[in-house]
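This structure is in structure tokens; I'll ask about it shortly.
Chain IDs A, B, C, D and E follow the sequence of writing; residue 1 opens each chain.
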Amino acid sequence: MTGRKNNRIKGHVDALATGFKYLAEPNRMTLNYPDESMNLKDNYRGFFAVKDKTCIGCSLCEIVCPPKAISMLDLTDAGGKKKKRPMIDWGLCIFCYFCVDICPTDAFQTSQVHDKAFYSETEYQTVHGEPMQYPYDYSKRPDYKEIYESFHDVAPDDPSAGSKKVVPKFDKKRGIKYEHPGQP
Amino acid sequence: MSAPQDRTATANLTYDELAGLKADRELVLLIGPAHPGSGHMKIKVWMDGDIIQRVDPDIGFVHRTTEKLSENRLYIKAIPIVERVMLPDTINANLAYVIALERLLGIEPTPRAQYLRTLTSEINRITSHLYGIGLYGIFLGSSTVYMWAFADREPLIDLIEEISGARITYSYIIPGGVRWDLPAGFKERAETVLQYMEARLKDYGKIWVRNPVVMDRTEGVGVVSKSDAIRLGITGPNLRASGVDYDTRRAKPYAAYPNLDFEVPTFSEGDCYARLLQRVEEIEQSIRIIRQVLKDIPDGRIISDDIYSKMNPLQKRMYEMKHRVMFPAYMASMRPAAGRSTASVEAGRGEIFFYLVSNGDKVPFRFRWVTPSFLNLPFFTHVMVGQHLADLPAIYGSSDYFPPEADR
Amino acid sequence: MGGGADGVAYFGNLETVSKKAVSFLKKQGYVKSMINWGDKFSLWPVHLMTSCCGTEFAAASGPRFDLERLGFLPFGGPRQTNLIVIEGTTTLKMARSVRIVWEQMPAPKWVIAMGACAMDGGIFYDSYNTVPAKDIVPIDIFLAGCPPRPEALARAVVMLQESIVKNRPPAADIQVTAAPATPGPKDVVEAVSK
Amino acid sequence: MTAASRVITGITFTTDEAKGIFEVEASDGAHLLDLATRLKAAGFDHCLSVTAEDLGDRLAVLWHISSYTNRELSGMNAQIRLVVSKSDNVEVPTLTGIWESANFLERETYEMFGVVFKGHPDMRRLLLPDDFTGKWPMRKDFPLKKTPWRVQK
Amino acid sequence: MIQILSLLMSVSLVSFIEYILPPILYIIVFPGLIVVLLMLFFMIWLERKVAAKTQLRFGPLYVSKRFGGVIQTVADLIRFSFQEFIIPAGADVFAYIQAPGLLMAFGLLPLIFIPVGPYYANIFPANYSLLIVVPLIIITPIYVILLGWASDNKFSFVGSMREAFLVISYEIPLILSILSMILLYGSVNAINGVSFQIGRGIPGIVLNPIAAFLFLVVMIRTTGRFPFEISEAESEVVMGPYTEYSALFFGIGMSLPYIELYSFSLLFSVLFLGGWWPIVPSAAAASGVVGGLLLPGLVVFIKALIVMAFLVFLRAVYPRYRIDQAITVGWDQAVYLGFAAVALSMALVWSGLV
């Protein structure tokens, strides 16, 4: 395939012929995103939330989190007993799932949401209230209880929920083909 | 802006007086970080007309101090850091660090884990080569090759995404083995992707590798002889393209490479065209290796017994049911015995070298690593001198230099 | 038509008249919506790869996710572009060139902070050589992920387009950044390396 | 730790084969140059990495070398170690004359640890900005940015 | 004022349509400004779409989804026109502002002298058309060099120097290829050339293929299409002479290659593809505006579109040459090719075959 001495005319003709071949029948692999979005496999590492019931507050996830995105909050549960629950800052999180894997009671509810963006800091650091000063420590915020309420056991909202969900399939000729789960 | 020099001063000089004013003929070009042909670095180029006199690469624009950070964090936390530096080739970076850490801890991964590591490392080598060919194309002006290379990367990235669940930063390899097993039906899907890749390589040959304009731009440009390649210490496909038959997978075997048979292709010319051919050959070799690995991958556990025994019952049940490796608390409090270890892995761009020192603490005492692109820096200072300005992107693209990897 | 007594045409000084006309027209509904429509479908990001998220930025303009469908064409020089995507960590040196490129760009310009490193520092949060992107330039859209998937970048572009159509002024006009005009050698470096 | 040793090309290395360590200790600058030339002649033609270790009051400067052409030597990463006292200007002879690839590696070690390599053709800063006020960032006494450990004790 | 009014009353309506309307129509509408603007929008969109199709992706789409994003260039133009216009501090302000305007003016001038129909003779003196077109085409790139020189930027300086070298090195092949066709057709008047081709029933490209190939190469070079996109090579000199220009001035400046592409491909279809070949207007029809100008003009325009589409397609296939390779091709191979073309024409005419 890689001989060095190639004659130039054949090279030019080959290049133009290949160009025309792909111009004539373009096997596009484009996903037109805002209208369609991909149904990723269930082991995809997307946004996640803590399950309040199963979490035992051992703060192993905070120790292992490489970017220190998790901070443990001192809360009191319904029965008045003290409990510690993790709070995740999406501005630091790198989605490596070390916390999900190290959790002794598997207390994280994972999801396949992968395309969230935010207009301002207040949207991802805290649900309400002004953006926090660096270095962030949720425990020092007065309203961290409400923040936690709006965070645990809440399935992250999928921004592309409205679009058509397609499933990517490998194809010998086109590389990746998208099939709508409905039709064949 | 400097005041416009006094143009009349040189107006009435004769030609040879002008030639005498060498400094006046020189033009210093700052090909800075915001330049389509420079990547994340600033290249200071002294030019006389169209010929490059001297090049001084000003790197460090993406120096994210990985060594200092890793020396103040737990051993397990260095895996994501090491990956973020070599983003087009994350599995090999992760593999290099974990081999050095396993030698420090004295843990042996299981055979199946070794094969899984080789499989993902080879798939990532192909995506890294395709990333290099894509950038090489855009540097020479052909946006089609850039688009084709990034299109052909996608099926391979999806293959590893099926195994590990992330698109590029997998953090897939941990001390003692790997984190996930092959999903069902993976072998057939992988075979389709490999056949797609082989069919596409033929089209690359027609529109790019044997394109006369490409051959004019790359043949005889940036020649690195065999002795120069060794003297300058460049690594990876650039070294093999100059005729040096050295491949870390063969010289310092690791993972499942000892019991795989693959050739190490070499070319002798050492110019930009040879480096391009070298990368295409290595993609074919990697496809061969992947087929072998998929054919004779042994069954069994994917995490070594030292780690498996430390898991709590729920995690063990989770592993038996869904073959998903959960971390025991030991992972967050690893304390390797005091000692030192080195490791070398052949990444897509060349040899990664690791040197770990631990004094029994939870954080490494000395964390030293050298990435292949840092060793490929002499391409700028020695190989580009004397070439035309238009050869700078040609040599830069052919050396597959990735600035975040060089700055660490 | 004829000249006035002292030669000043009836239209008065052409310079001020044209400026007033332009500002008046720009405030009109239909002209503003036309400008927004033009900006919305012609968001050209400048070719400045700040760090390793650049691979996902390149994959986003690749064939599979092809952001050129939305009019997102990565372009060479800063003069012709109106969007800067800060891909990942900005070290001290890179912060200076991001700031300079941001100042070179013509007026309506937007900034997308891509990746955890650009939002709050991500995994390199306590290194002595990195600067949070917020201190360099005012940011419009924050994009989570490390690196964010190309679809996330497409989502950020779609959100930016929606905010343009809803007449939300770019962040460059609202808040002057905390950092001085150009991070001179001293101030950015001291701010971090103390 | 069993200090196994192995004689390669006339030079005794203290080795730890399982961990990939082949080390030879140089006593001072002259011995270092002599060792390096003998190793280069023996077949170690590639310098992988130059680094230093901050041992409190002393600095250990390390050169990692390997071989490209010699089949038998290319299987190991040997290292030369030279321990120097940590006075304010640490002087060590450069090995760029012997291994040209050590050029950028030594510049980086100079910038990170303050080890001045005598005879280096281009001894200046490589990665950090020119006006970086911190001194020798990789030494143990250089602090990281202060971020409180957030586990609420 | 009174004399003008009386003159207007005396001219009858019919003669007005006969004598005054066609030149205005010729300059403003057909090969003139409106069609150039439409062609500019269509051609830029076609280039991005064709390149995208060969690169396994959609080009601009969401601007108008049903028509495949045709009005993408309109959106770009609107954005450019309402963007802040920056004059760099070190730039030579007078030349900096004048350059794009002059560039566009001299880019449009050749269009007037390329005949697209037999009726052209009644509008403009046709018997010097080629003599005027060639110098006008050669003058245009000088303003590109002014662009680069005025904006005080190293990359634009290097880009404009490259443009200067390339312009000089490809002048002789251009003149030689047109000269060989003039020799073949025996007259400088392009209309005679087309009638010559129609008379023989053989298009110019078959008569003298060397001249056609040479003209094609020069066309690729002057319009900066791949593989000769050297003065605005992105990865070496950022945008070449256009680096420092923002907003509408960049829009005007950047439209020059496409205007040159349009005028060159009109010239190519007139000289080599037999002009209005399938439509052979009889003498009576030739005198009328519709039969003599619009119908043949349409045929010439369609042929020009095909030529433009091919040139635009080259972006998807080729990388770019180095500046010294392009100059050596210009000075020795192209000039020898030019001599061969002229020799072939003279041989054809002398041997009486034609």
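Heads up, the rule we're going with is that a contact is a pair of C-beta atoms (placed from the backbone, for glycine too) under 8 Å apart; a residue touches a chain by one contact, two chains touch by 3 or more.
Predicted model only: the values in this text are computed from it and were never measured.
Asker: Please give the intersection of the contact partners of chain C with those of chain E.
Answerer: Of all the chains present, those in contact with both chain C and chain E are A, B.
Asker: Taking CA centroids for every chain, report which one is farthest away from chain B.
Answerer: It is E whose centre lies farthest from that of chain B.
Asker: Average the CA atoms of each chain to get its centre, and name the chain whose centre is farthest from that of chain A.
Answerer: Measuring from the centre of chain A, the most distant chain centre belongs to E.
Asker: Pick out whichever of the two, A-E or B-E, is joined by more C-beta pairs in contact.
Answerer: Contact tally favours B-E.
Asker: CA centre of chain D versus CA centre of chain E: separation in Å?
Answerer: 63
Asker: Per the centroid of Cα atoms for each chain, what is the distance between chain B and chain D, given in Å?
Answerer: Going by mean C-alpha positions, chain B sits 23 Å from chain D.
Asker: Can you compute the centre-to-centre distance for chain B and chain C, using the mean CA position of each chain? Integer Å is fine.
Answerer: 31
Asker: Could you pull out the residues of chain A that touch at least 2 other chains?
Answerer: Within chain A, the residues that touch at least two other chains are 15, 18-19, 22, 28-30, 32, 34, 63, 66-68, 94-95, 135, 176.
Asker: What positions in chain C touch 2 or more of the other chains?
Answerer: 62-64, 66, 69-70, 76, 93, 123, 125-129, 146, 149
Asker: Which parts of chain D, given as residue numbers and ranges, touch two or more other chains?
Answerer: Correct list: 128-129, 137, 142, 144, 147.
Asker: Where on chain C does chain E make contact in their complex?
Answerer: Touching chain E: residues 26, 34-35, 37-42, 62-64, 66, 68-71, 73, 76-77, 79-80, 82, 104, 106-108 of chain C.
Asker: Which of the residues in chain A end up touching chain B in this complex?
Answerer: 1-2, 4, 6, 8, 11-12, 14-15, 17-19, 22, 29, 40-41, 43-45, 60, 63-64, 66-67, 94-98, 101-106, 168, 170-176
Asker: Would you tell me which residues of chain E are touching chain A in their complex?
Answerer: Counting only chain E, the residues touching chain A are 50, 53-58, 61-62, 313, 316-318.
Asker: Where on chain C does chain A make contact in their complex?
Answerer: Interface residues on the chain C side: 63-66, 69-70, 116, 119-123, 125, 132, 134, 140-146, 148-149, 151-152, 154-156, 158-159, 163.
Asker: Contact residues on chain E for chain B in the complex?
Answerer: Against chain B, chain E makes touches at 51, 54-57, 89-90, 152, 154-155, 158, 226-227, 229-230, 233-236, 238, 315-325.
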